[in-house]
């Protein structure tokens, strides 16, 4: 039974329609890889699905209700990590992780946050300010949120960017685990053969004629 | 309520770590207020006459220095997205941001006002009204400013646009705020002015969060 | 005629009021025309680009 | 019978709501609006400058009323139209409302500017000063600032006209809510701070001969607004829908 159903969805930048309308359906344990050339609108589409932007063309249904009407339900069940990580450079890793989730209404104890940092390989960086981290470490800090949430739908924009080999392996394992637990994954990624293996659906965006 | 408090707490932590946001407006006020006797002459009578207006205008200008920061940083690092992508209403997040901004920048202005009063020979009887009027008025600055900040957050140089947008809307606040201090300096009751000022605060409290939330949503498109 | 132009001694104020009014309307009117030309020109060139690429 | 009528209204609403038919329908009116406006202006000018008698207190300087008052009326009328269009644009995301909203701003700003300048030119011979901080002039000045803010917001987001228009619409709505507060507070403020009371016309009452040209001019400005606004709105629609077929047909058939 499809949980997410998108029909003829496309996005606009200014007055230009970005890509040919796309349709897809996703059920439990399925995953979608969105690919396409640079500037084709992968991020815009992902942000529209996440609910940051309104869907200008086509429509998306979540559990058979139009996303425009079931926003609260959708926001409670979906989790988005975009290009901008949302980390504050004046806060340390622990504070960043906890405050980000608490603002979204997810309670995280200090112990849980420390464990999460351990898992993403940021053990020993608990009290380091996010501003002093490397790009890859900042990404890990953002991805650490995934180990603390219970949302069924993960929407990730280029999660592998800036990660080293070990980081990629860890993330891959986490994503596989999520899919095995009947989670849903929507992701954009530049050619990454190992993610392709697990992906059930792929969407290649094409230029609007 | 918990997300609201977490957001206020996080912003206060941020503000107290950066500090410049807190003391720079005060330094600015002090610098400008020094220019008045230099330009006008140090006559106590002249200064006392313009003191209420000058202090209020300085409060307005000093808040303008920090208003764009209400949402600008959050937009740049992506935190704004996390306020939108929850089932908690965005207007609550706006309210939290405004409260934190006021505590960090508005409250210091209220507490600093007597210093300016002394420098401008404000009659001693009107200090109470001065602080009370600013206590009611500066939150309105933060509220109205949040609309301007939400509208300009994605712009690189939105400061001037924010000023153009916010200043006309704050004219009534200035009229009644400075008016209250003038009345008390003349020995009259300022209660009417303060009441109207409070009315405006209640109005912005009820309406502005929705306007700012709408601005954020349009701006993210 | 002279009397009419003199406007009872208020010529400067009356004629400059009417002058500024109509100058403003003319600027609006002709500014709008040139804007129309530019927009239509741009769309025309876009149509050309599209037909060429087909 | 009744049902049919509501259906007609509904279809009209839908037709005006769709950019191509709005473009087509407004096209019929444009020429007539401009012609009527020019005719009324000529008529009004002749009537106001030649036929109307001079005011017995203000002499011929009162003739400034024929540009000042219409401009002042339009400055408020246009804000009202713009504010309503802005509300529709934000709530129902109607493209035509966006177009009407953003098309109104520059014309409103022009009329506000003109009301201020002609008021100043009238004030000098009457009050002996170019500028008086009285309630009406101060509110008018703040109104000009609001118009400027709306236009500046639209200009700041020029890379995406629709987003820019919706942002500007939000500013317009916020301004609309604030206008009564600004108006009331300024009025109240000037009643306290006014040292010398300014009375403009004293007891001189306006006769029909004097009023008639004013009405001509008031309608002339309304019709010109109709023309300029529709034309701007059409251009906005053409620009934001320049990818669509109808826009291409319009251009190639040069309508």
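In this document, chain identifiers A, B, C and D correspond to the written order of the chains, with residue numbering beginning at 1 in each.
Everything that follows uses one rule, which is that a contact is a pair of C-beta atoms (placed from the backbone, for glycine too) under 8 Å apart; a residue touches a chain by one contact, two chains touch by 3 or more.
These figures come from a predicted structure and were not determined experimentally.
**Student:** Could you quickly compare A-B and A-D and let me know which has more C-beta contacts?
**Tutor:** A-B
**Student:** Report back the single chain whose CA centre is most distant from the CA centre of subunit C.
**Tutor:** A
**Student:** Between subunit A and subunit C, what's the gap in Å when you average each chain's C-alpha atoms?
**Tutor:** 52
**Student:** If you average the CA atoms of subunit A and of subunit B, how far apart do the two points sit, in angstrom?
**Tutor:** Distance between chain centres: 37 Å.
**Student:** Let me have the rounded angstrom distance from the C-alpha centre of subunit A over to the C-alpha centre of subunit D, please.
**Tutor:** About 48 Å, centre to centre.
**Student:** Whole-Å distance, subunit C centre to subunit D centre, using C-alpha means?
**Tutor:** 16
**Student:** Among the residues of subunit D, which ones contact at least 2 other chains?
**Tutor:** 160, 239, 242, in rising order.
**Student:** Mind listing each pair of touching chains for me?
**Tutor:** After working through each pair, the chains in contact turn out to be A-B, A-D, B-D, C-D.
**Student:** Hey, which residues of subunit B end up touching subunit A in the complex?
**Tutor:** Touch list, subunit B to subunit A: 2-3, 6-7, 9-10, 13-14, 17-18, 76-79, 81-88, 93, 220-221.
**Student:** What residues on subunit C touch subunit D, complex-wise?
**Tutor:** Per the stated touch rule, the residues are 4, 7-10, 13-14, 16-18, 20-21, 24-25, 28-29, 32, 35-36, 39-40, 42-44, 46-47.
**Student:** Of all residues in subunit A, which touch subunit B in the complex?
**Tutor:** Its residues touching subunit B are 50-54, 71-73, 75-76, 78, 80, 82-91, 95, 99-100, 102-105, 107.
**Student:** Per the contact definition, I'd like the list of subunit B residues that touch subunit D in the complex.
**Tutor:** Contact set of subunit B toward subunit D: 147, 151-152, 155, 158, 161, 164-165, 167-169, 171-172, 175-176, 179, 196, 200, 203, 207, 211, 214-215, 218-219, 221.
**Student:** Where on subunit D is subunit A touching in the complex?
**Tutor:** 159-162, 239-243
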